[in-house]
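For clarity, chains are labelled A, B, C and D in written order, and residue numbers in each chain start from 1.
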Amino acid sequence: MMIQFRGVSKIYPNHVAALRNVNIAVDKGEFVFIVGPSGAGKSTLVKCIYREELPTRGSIVVDGRDVTSLKPSAVPYLRRDVGVVYQDFKLLPNKTAYENVAFALECTEASQREIAKRVPAVLELVGMKDKVKALPIQLSGGEQQRIALARAIVNSPAVIVADEPTGNLDPDNSWAIIRILLELSRMGATVVVATHEKHIVNNLKQRVIAMDRGEVVRDEEKGAYGREA
Amino acid sequence: MRLSTWRYAFRDAAGSFRANRFSSLSAIATVSVSLLMLALFLVVAINLDSMATTLENQVEIKAWLDPALKDEDIGRLSDQVKSFPGVQSLTYVSAKEAMEKLADRLGNQQALEYVGTNPLRASFEVKAQRPDDVAPVAQAITSLVGVQKVDYKSDTVDKLFRITRALRVFSLTLVIALALATIFIISNTIRLTVFARRREITIMKLVGATDAYIRRPFVLEGVFFGLVGSLIAAALSSWIYTGFLRFAAANLPFFEIVPGAPLLRNLTLTLLGLGAVLGALGSAVSVRRFLRV
Amino acid sequence: MMIQFRGVSKIYPNHVAALRNVNIAVDKGEFVFIVGPSGAGKSTLVKCIYREELPTRGSIVVDGRDVTSLKPSAVPYLRRDVGVVYQDFKLLPNKTAYENVAFALECTEASQREIAKRVPAVLELVGMKDKVKALPIQLSGGEQQRIALARAIVNSPAVIVADEPTGNLDPDNSWAIIRILLELSRMGATVVVATHEKHIVNNLKQRVIAMDRGEVVRDEEKGAYGREA
Amino acid sequence: MRLSTWRYAFRDAAGSFRANRFSSLSAIATVSVSLLMLALFLVVAINLDSMATTLENQVEIKAWLDPALKDEDIGRLSDQVKSFPGVQSLTYVSAKEAMEKLADRLGNQQALEYVGTNPLRASFEVKAQRPDDVAPVAQAITSLVGVQKVDYKSDTVDKLFRITRALRVFSLTLVIALALATIFIISNTIRLTVFARRREITIMKLVGATDAYIRRPFVLEGVFFGLVGSLIAAALSSWIYTGFLRFAAANLPFFEIVPGAPLLRNLTLTLLGLGAVLGALGSAVSVRRFLRV
């Protein structure tokens, strides 16, 4: 098991219950869509994987690490194993597109040679090699999103978590991104994608976990987006 | 790997300086202005201390001698007094010299000339090494045969010592207060520049950077703020002090101003050290506040 | 004409040409989709309407105002006539959902009574009446997006500009939002929506302006998203 | 409408204070610390000035009288001198009193007793109203018949005046420098708090708020920072000064410290005014920098 949620609940300080008794197990190399209406708890679930949020109850194990009892100094190492595309991108405003991607490698003490090799390759992969020198505010929404993806995958993490990775992309680019994620999962990465793209989910027939009001309401292999699907 | 890590830290510090020019320059300006104030205060305090020392050194013990003493007795007595611990110097004033001084002081020399005999007596003027030596030295001299009366204006000396002590306590208190204020203002300012970038720190943590890695460029930047700010402060205060020395030489010749030579070099080193340490600590402490993600 | 672009070009300081000789005219009460791949210039075009960006060349007239020659003190009044849903939401971080929406009215010196009447109504409309007291960081991506929409429409602006207003919303919520925008346009507002939602665009058969690399490549009444549509 | 606009401004200022507690408290702390330093400096400068005045007022003109003058002549002369413009007081010292004083000063009274005649002369000790009056008054007295010699230790007086002038110039310069530094530090700090919120300002502008509307809560907040900071500074400096007065009364009875009564009230008002104005201006100017959107 690469990701294991056992009885996980998350109640935010303002008493909003974002997750209620969530049980999930995702294998190494699996590709999972998480779907559900706005506010269902998709982002919260995903944040628990890389410990941006700690659950109120329950246990979470990621890549053999007990996330809930991790000591602070071990957290960065967990996060290096989990590449994340954040819903709001979270690019460093003072670094260029290239530097943002390189940062994820630099802070793992990767060698210069490796950085110089990997970063351009991954920027090319997401179709952003023309914009390497642009700062985030000089990029369009979709371009920022692709940089965020590039950063998430640049150090070949064991787990890739993408929260709405195509929300700001046109259908062509969206498909390109999804294909990259599929390819990575075929190569052994565990990929979790929270998304609203009904069309994409329905077409791919991958595992789908559906959430509603904090609960997992459906968990199907080769599933669909749900309802009038 | 360590080397490239430091290179990244330098590069990132430089990059953030360029990107946040506004707050960086604000921070440097605050550092230099507050250290400049501290420096000016410090040289004033040092001068007050030196003045107090000068005043204290002017305290003299006066020992009137028996008029019956012969010159050789006086020589022996003088040697004896000079050998006391705590005695710095001794000057012999004969009765004649004393009368001349008095006449000088009264301003009407002639009037005294028709006084037939000289009513005054010869004396030793003894200087102590340290203010604290004055009383014991006077005591010791009193017990000598041939010394009629010993006086060191104990009231005045007491008053003087109280004043110099108050002066020292006072200027030291102010220097400490100002130093604390400076430390506070500088670290507060650096904290605000870090505060403006708290979101960046959060992002770095989420991407998997360790606390040490994130802290490094901030600390470098803090040291840079501190060094540049203190360099400016040191240059300005040296310039001002040199100007003041020139002014004082022309207008206040009777004040002994502490010369610039070793003072300004030490001041510069102190400021640089203080700036660097405050910058580093201010940054490190401030970053820590935002690292809990 | 409510919105008129004549020969508008925008070259950003880093020499990126985001708009090239754009000519557009949108009537009062019209509903227009702007589509195009990531980086095509949709957001830039939209930003020129409410003067977040000034064009390098060309003239823009919005609601009778010459946008390019507006003096700074008149800009706020233009912006009050144009309700905007920003691609990155731009909610005030220290104000609650309610306060964020109310702010748009407060700064126009609307009466207290009116604020107390309109804000809850519009929050109800976007399905956010449960979250009025939450701060932006306490809201999910889709919830923030709906608050942004509520703020854009609360003072019944003559022009509504929505940049990717459903990028973070599930299909149901997306349709609900689009229906609100359609309704507002039927009531007389001019609505411009930049979007990637092929499904929605193809279903509604409204006017579609397609862009690519800064140019308007297609402008059709009752258009479709384009290509394999 | 105006009323509710101000209400919103107050509410928003309070809200942002709560939301940005960290930077708000930093700003207040910096304001109070730097104003406290300014206040301490100011009371020191005021005391130095008052001491200088005291010293200047101790300058005396000494006029030795012809021993042949009769008591009535002396009375007439005394009246005449008193009527000169610039004369504050006059004390008559007879030859006998002068000898007693001298004996006192020399410390060996008996020694002088066998001097048959009194070589000293009677004198007037005249005080001038203002330091500048000393020279002309001395001049006027010199020309009187019956006055033999006039002395006002012109060297000493000159030296004293140079010292007091230097003291005043010096403390005024330091006060001005420190005031400028304080203004700079406070406005810089407020600028950094505004800087941390520049994104908010951009958003407000995009939503259609006018510059004035956006500025208002920031200015209110700045005034609040300034007032609270200066209130703290005023309270602390009053407390410190009161403590110092008590200390001085016990340990430095010969110093005339400026009493606290009107001084501290004026100081408090000055600090409050300065704080409020600096807070308002600092905010207004800083916000303007980010309004160009």
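Keep this in mind: contacts are C-beta pairs under 8 Å (C-beta built on N, C-alpha and C of every residue); 3 or more make two chains touch, one makes a residue touch a chain.
Remember, it's a predicted structure, so these values are computed and weren't measured experimentally.
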Check: Through how few touching steps can subunit B be joined to subunit C?
Finding: 2
Checklist line | Chains touching both subunit B and subunit D | finding: none
Check: Among the chains, which one keeps its Cα centre farthest from the Cα centre of subunit D?
Finding: A
Next item on the list: Determine which two chains are connected by the greatest number of contacting C-beta pairs.
Entry: B-D
Check: Between subunit A and subunit C, what is the gap in Å from one C-alpha centre to the other?
Finding: 28
Next item on the list: Indicate the whole-number Å distance between the mean C-alpha point of subunit A and the mean C-alpha point of subunit B.
Entry: 62
Item checked: Distance from subunit D to subunit A - Cα centre to Cα centre, in angstrom -> 66
Next item on the list: Quick one: label the inter-chain contact graph as line, ring, star, complete or other.
Entry: ring
Margin query: Which pairs of chains touch each other in this structure?
Written below: A-B, A-C, B-D, C-D
Check: Which residues of subunit B touch subunit D in the complex?
Finding: 22-23, 26-27, 29-30, 33-34, 36-37, 40, 44, 64, 102, 106-108, 111-112, 114-117, 119-121, 149, 151, 159, 162-163, 166, 174, 177-178, 181, 184-185, 188-189, 191-193, 195-196, 248, 251-252, 254-255, 289
Checklist line | Contact footprint of subunit A on subunit C as seen in their complex | finding: 12, 14, 16, 35-39, 42-43, 87-88, 133-134, 138-143, 145-146, 163-164, 167-174, 196, 198-199, 225, 227
Next item on the list: Write out the stretch or stretches of subunit C touching subunit D in their complex.
Entry: 50, 52, 73, 75-77, 79-80, 84, 86, 90-95, 99, 103-104, 106-109, 111-112, 151
Next item on the list: Using the touch rule from the top, collect the residues of subunit D that touch subunit C in their complex.
Entry: 1, 4-5, 8, 15-16, 19-20, 200, 202-211, 213, 293
